[in-house]
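Listed after this line are the structures, all set down as structure tokens.
Here come two complexes built around subunit A, the first alongside subunit B, the second alongside subunit C.
Moving on, here comes the complex of A and B:
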């Protein structure tokens, strides 16, 4: 994975400022600001963790909706009896188990087949849950206890810190290097002693765990959940969109993407609910066409262009 | 003599096509062993089965006293079997030195980062890629990309190195360099099996040669024996 043109330390400082800014929102902000911030932070966790695995390994996962949904239902089943951290842990573990099972079977599939499978997985889990509610309990949806906007807010904040720490640790250690190797050439990686299956499944599982935890928190903000709101394809698509827009395989990219799109969605979903998806789709297509390396990539290109111009002025030639 | 690789009755079919048919092969420790044959003879398929890239249909492979047929490539690699690919497979998004570092880090268990980095310097020096160490893979000539693959495999500290057409597309002086490098590698204690079409190289540096044709082994012997063999001249050399 590469760091963008900005110095590592500088990127950490930017992120630290963002996190500290969020931490102070409840002191001054309205309920609206607190809820919006919680949503943004959820997407920071989701996009950063999605990017941690799918970015370097090149396995584009659309299973995020399934993991978030499991988090929703962990909260749905347990929220009346247990505190929030237990719900998060339960949601995370449920997602982790699903990811290990699914990963062991499907991470052998290469390229687009893996993506298609993960896409179907969300629908599959949703169908199972719907069947369970209709046929077994005969009650649609579950009520979730609300721990108050501040509890959800701080839970999300803690998850952002944990997620970004995990992302940094993964990219600095051989775990991240192995994932990058797999993405660059899976055959070469396997033939220099990288246990590709083990690394892929663990990377996928860590991502799933993080998504399960924020899913559990998210559910407590909604009061009522059902299979449609839980296993929502938007949870699968948005992290991808955020990473493409911000810049895949970069540290800042997913964070920038998450802030922009979470804020956009939060505002547009109430004002123009029919067409905001069209806008997102258009942005996605334009991003892929005109800035395949995302906002961070555009910044880098501009910086390089300026540098080249400087070199030309001096008369140097590379 | 001690045997490094012992393949018995190795076969592979793709659908109706029998790519490799009941091949026996024994390679001794410290040997440079050549594997030749016309295009489509099954040489690369044979390599792929030995290294674990594709599953073996039938037969067994013993490497340095351990049965490796059925194992996954990463385990086979850590046992000490390295390989290069016919079409160079490098980590294109990394500079040359990091490609080698990957081999050094993951090739053996318990390698510290510092150990791996010193292995990188050593290997880059050995194969003569030190001048290109900071270049990205797509920016270096193809001849060097193949050598980089060899370097990455060497960094895993193999006992046996399998080289798949490492000299393809090289000019005569580069072929000379590659021959020197391969001999030097063998002299450092690494057994070598190489697939090659460059006859000059094969005949000069190999201790023994096996010839594959339509998936079957049709001859085996010293370079002199192979050059004199009627069957080989008919099916192989006669074609060109």
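Moving on, here comes the complex of A and C:
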């Protein structure tokens, strides 16, 4: 993960300002603002955590929808008896177990198998859940207890802080270096004694855990869940889109992408339900073509250009 | 006995359709290294268009003449523009591969939602030889047999194209080594664009067959992409005979499982893949 042109401390300050801004939303904002910022924070967690594993390691995961969905159902099953933190932990652990199973099967293989497998995983879990509801409980969907907008909001805020802390810690330790090494050259990484499969599986599992927890919180905001709303492909695609747009492998990129697209989606989903997805698709294609390093990369390029011009000017005076 | 015959015949029919879809996907991946997630959307658009055309009075078999060239041209142009630019921008093959996949997600968003915008969520269907006939005690609807026949014709024609024509030779050479093929005078960009277009064409053909026998909605794209991906992994990435074999296998297993419980079909597919990846990660006929 690059820190881009911005100074590391400066990036922390920007993130801290964003978090503090969000923390004050419930005091002054309307219900609309609270729901919107909870949604944005969910996507910040998802995009940052997706970027933590798939960015450096280069294994594109599309299983986010499955993990968020498991979080949904953990909430659905337990919400009447347990408080919110227990639901989050349960959702996270369920996703973690699934990620370890899937990861240890597919992450031994290189190339696109992982992506294909995770892509189909959402459909698989959805099919299993639908089967369970039709054949076993004979009732479609589950009601989830609502803990009030503020409870969900602060839970999301805590998750944002934890997720960003995890991202920074992972980056600074051996773990992140190993993931970067795997992305640069898997053979070389294996050669210098990195257990590549173990690192890949644990990276994937950490990502899954975080997504499961935010899924559990998200479910309490919705009151009623069913397999279609829980195991939604959009949950898999949007983090990827956010990271591509903001800048893969950067610290700020996923956060910027999450804020932009979550706000856009929240505002457009009812007004132009199909057209906004067409716009998202076009943005994705254009981002990949014209700014493969995302918004953060564009900023960096502009900054370098300005610096070069300054140097040239100084040179002219000499 | 008649149940078994029923399952087998329907399995082979579905296998033919799945084989068609997956051949297109595996061709696009094997030659151009593009994992085209929007593949199913070509199928969906073609299925819906053919239904609309038939409702407007066109003979079902004539829709092939309209939809297939259209799908080919769309695929050809997409590859000649977007994917070629991307290939020029990317610094190495691995970067291109992951970026091309992400780009096909963008395409998926666009195509899927164009379909939803035009047709909504309602299903479309038309009557074409939709009366049953008895074969070995099993009841089969005639249009599905016609669909199977057309699928077999397409598969055989595609094999002849790939193995006997000059262009087919160029495609096979490109899939083995892009650089070496370019040195031997194969026009790489054109060949790749033709492959991508042909992939779209095969998906469109499968789409018309689905429109002929079932009632498609604008949401069938993703489901079929998932099936095609499963078939391709099962048969081996980039292997065309593998795609046909995998399609047949998935079709048979799907029909057999849906005889007991329709909602467990995906689970059965997935179990097959897990077992296969543990025993033979390269796929049944993978190199």
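By definition in this document, the second predicted complex is superposed on the first by the 311 of 318 C-alpha atoms of A that agree within 3 Å, B and C clash if a C-alpha of one lies under 4 Å from a C-alpha of the other, contacts with A are read in each partner's own complex, and residues count from 1 in each chain.
Operating definition for what follows: a contact is a pair of C-beta atoms (placed from the backbone, for glycine too) under 8 Å apart; a residue touches a chain by one contact, two chains touch by 3 or more.
Everything numeric here is computed off the predicted structure, so don't read it as measured data.
By the touch criterion defined above, A:131 lies against subunit C but remains apart from subunit B after alignment on the C-alpha atoms of chain A.
When the two structures are aligned on the shared chain, A:311 is found in touch with neither subunit B nor subunit C. Judged by the touch definition given at the top, the superposed model places A:190 against subunit B, while subunit C stays out of reach. When both complexes are overlaid on chain A, the residue A:106 reaches subunit C alone and has no touch with subunit B.
With both structures placed on the common chain, the touch criterion links A:269 to neither subunit B nor subunit C.
Subunit A is touched at more residues by one of its partners, and among subunit B and subunit C that partner is C. Contacts of A:233 after superposition: subunit C is touched, whereas subunit B is not reached. The part of subunit B that touches subunit A in the complex is made up of residues 51-53, 72-75, 77-78, 82-83, 85, 89-94, 102-103, 105-108, 149, 152-153, 155-156.
Residue ranges on subunit A touching subunit C, taken from their complex, read 58, 60, 105-106, 108-109, 111-113, 115-117, 119-120, 123-124, 127-128, 130-131, 134-135, 233, 237, 240-241, 244, 274-275, 277-278, 280-285, 288-289, 292.
Subunit C makes touch with subunit A in their complex at residues 29, 35, 37, 82, 85-86, 89, 94, 97-99, 101-103, 105-110, 112-114, 116-117, 222-223, 226, 229-230, 232-233, 237, 261, 263-267, 269-270, 273-274, 277-278, 281. Within the complex, the subunit A residues that touch subunit B are 2, 174, 177-178, 180-181, 184-185, 187-197.
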